[in-house]
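Each of the next two complexes has chain A plus one more chain, namely chain B in the first and chain C in the second.
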Partner chain A sequence: MNYIEDVATLARKDLRLELRARDTLPAMLLFVLSTFVVFHFALPQGSGEAAAQGLLWVALVFTALLGLARSWAPEREGGVFDGLVLAPCDRSAIWLGKAAAVLVFLVAIEVVALPAFALFFEPLDGAAVAGVALANLGICAVGTLLAAMAAASRTRELILPLLFLPLAIPLVVGGVGSAISPEPGRYLLFLALYDAVFAIICWASFEYVVTE
Partner chain B sequence: MIRARGLEKRYGRKRVLRGVDLDLAPGGFLVVTGPNGSGKTTLLRLCAGLALPSGGALEIVPDRARVGFLGHEGLLYRDLTALENLDLFGRLYRVPERRERIGMLLGRFGLWDARNERVAAFSRGMAQRLALCRAFLHDPDLLVLDEPFTALDGEGAALLDRELASLAGDRTFLVATHDPHRLAPLTSGRLALGAS
Partner chain C sequence: MSTSSRNSRVPALAALAAALVGLSLALVFFVAPEDADQGISQKIFYFHVPIALTAYACFGWGALKALLYLWRKDERYDLESYVGIHLGTVFGTLTLLTGSIWAKASWGVWWTWSSNQLVLFLVLFLFYCAYFMLRFSVEEGPRRASLSAVYALFGVVLVPVSFFAIRLASDFIHPTVFNREGPQMSGTMFATFCVAWGAITVLAYVLYRVELAGKLLDQHLRELREALA
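Let's look at the complex of A and B:
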């Protein structure tokens, strides 16, 4: 029970920081909408559903990357990471609290971005939305761990995309597949498996990531 | 409370600490001195459990729940208020009667009136006072303090003098400082680190 309280305390703190500083969500929203607008004019007429779905996933992955790059900034600025690591809570709670907050940001962006995508390109069916929801979990689980690793480095802006994008490829495959395949169930199952496996790996390895 | 033998710490090829022996008994007050770059901060980070040694043996008796740490940085969220910062850490440390304890510390360190201000708006001295409140918040058994008098004005330094004097003997202290004379009346031992 204490573990869940710690996760909730840490996630609530991140939401409060974002509501106060507003330096991540507006940037993510602007980026994803700008991408849709640019591609709306850049893609030739009749490019098809597959191209549009590919574009959606490019936009979502890079928008998530934008949020992930900022995710540990408050901890980096005041050396707060040390304070959290010293606290007697399970260190994986730090990761889970941050991943939960990033998930809230991502979902908040998608509440606007997915209708905007439907407006610019084509409506999404239930399987595509389920694919996005499942991929969100994987993005947040993996991305939050990698962002914590990158945060300790001087070249964090460079390292995070290099680490994150290769690991996001299966999510893009699953997401696009669930949207365009006549049998989306296979792809949704694949995404669920990815989420489960990587969530366990990230949960178990965070302790080692934060130890000097 | 802390026992180290041949303690070493390397970052890549750079050896920051070499062959440090240290004994700190419960209730002791050990002052660590040395020039810049001698490894004082690294030693304190090792003893606080923030880093792992590269060599040698290090035994620390209390687990991290009973350690209070003050570092070079305040370990505080700049966009949270003083009260929100202490409340966050109070929850994570499961401080009993958290609100009363926070109110008492803010009052004692002269920050009660600024409790609803964001840390970003604090002066360096106020931030240091708040960092001290955070380090003392859970009434730790072992206090690891890195240059605790940094940025404090005369009044703040006197407050800290009184706080340290009231806790010395009951709590164990490991303090890095460039001004060991100030802490001389409380000191039970001194460790001088050489330039690495």
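Let's look at the complex of A and C:
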């Protein structure tokens, strides 16, 4: 039970910081809405539902990247990393707490962004929303670990998209497939499989990212 | 076994690699029959496929050494993992180039998104380029070795996951030479393929040894310099 309490404490710390400073959420929200407006002008008339669904995923992945790039900033700027690593909790709890906080941010954005997408472009069906929900887990699991790696490098935010996008391609395939395919089941299954596999790897390897 | 006695085998291996590559070229152009369907352009298959398989082997080798590094924390494994991935990226680039040439010869275009293998290698190419970006933007030391090792481990998982994703995303028109009933080739063609595969594998191993020897020498030199300073 201790492990879950540690994770909850760490996630609560991030949420409280965000509630007080309000750095990341408004930026992500404004970004995703601006991206939709850009897409309206980038999509020629009559380019169809499928193209719009694809662009939704571009917007979601880049919005998530924006949040992920800032995800370890408080720890880095306050020099909290060393303290966290020395704290008497399992190191993977640090990753899980951060991933949970990023997931809350992402879901909060999507609660606004998905209805906005439906209003501006095409309505979304249940399978498409399920695809988004499943992909969120993968994005947060992998993205948080890669963001911790990027935070340790000299180039920081610059390198995160390079590390993350090749790993996000399968998520985009699963997400777009579940939105436009008449049989979304296997795409959703694929997304669930991706989440499970990468969550296990991230959980097991996070310790090596924060320690030497 | 000491490093120097291991390295003394490299010239012999290099000669073997040269001989095998020469032999496979001779077999490809003078012995293996021309493909009834694709004609002369099919001959690039004898290099394209072995190069692709070698690239996979190098990535796998790099990930194995990365795992060993995380387990044992020996700096040598970090170097071996890096060299393996470096060679994998070189062979992966060659796979993209030969695949592109083959696509032009058989389908008339330099690039096709419907060839799953090509798309997979493009994804892997991007992934492993990011590996080098990460490696060169972290200060040298155990931290860099751990980060590189974790990212290299992601790579071996990404290969099957991406392959599956690309299969899901597109229809399948790449000519399937191997299927569940075994290779769809005549005996001579298969023998030629095996020789070419052996040649490329030995060549990759020689390159691996040479690059690793260079890196180790570089490391020793740096240690000596630090000791003298």
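By definition in this document, the second predicted complex is superposed on the first by the 212 of 212 C-alpha atoms of A that agree within 3 Å, B and C clash if a C-alpha of one lies under 4 Å from a C-alpha of the other, contacts with A are read in each partner's own complex, and residues count from 1 in each chain.
Note that in this section contacts are C-beta pairs under 8 Å (C-beta built on N, C-alpha and C of every residue); 3 or more make two chains touch, one makes a residue touch a chain.
Given the structure is predicted, the values throughout are model-derived calculations rather than measurements.
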item	value
Which of chain B and chain C A:E157 touches, first, second, both or neither	neither
Contacts of A:D6 with chain B and chain C, given as first, second, both or neither	first
Partner chain in contact with A:F198 - chain B first, chain C second, else both or neither	second
Partner chain(s) touched by A:E49 [first = chain B, second = chain C, both, neither]	neither
Which of chain B and chain C A:P74 touches, first, second, both or neither	first
Chain B versus chain C as contact partner of A:L167, first or second or both or neither	second
First (chain B), second (chain C), both or neither touched by A:Y208	second
Partner chain in contact with A:E183 - chain B first, chain C second, else both or neither	neither
Chain B and chain C contact sites that coincide on chain A, given as residue numbers	211-212
Chain C residues within the chain A interface of the complex	70, 123-124, 126-127, 129-130, 133-134, 137-139, 141-143, 146-147, 149-151, 153-154, 157-158, 161-162, 164-166, 168-169
Sites on chain B touched by chain A in the complex	45, 48-52, 63-65, 67, 69, 71-80, 84, 88-89, 91-94, 119, 134
Of chain A, residues touching chain B in the complex	2, 5-6, 9-10, 13, 16-17, 20-21, 74, 77-80, 82-89, 211-212
Of chain A, residues touching chain C in the complex	142, 145, 149-150, 152-155, 159, 162-163, 165-167, 169-170, 173-174, 177, 186-187, 190, 194, 197-198, 201, 205, 208-209, 211-212
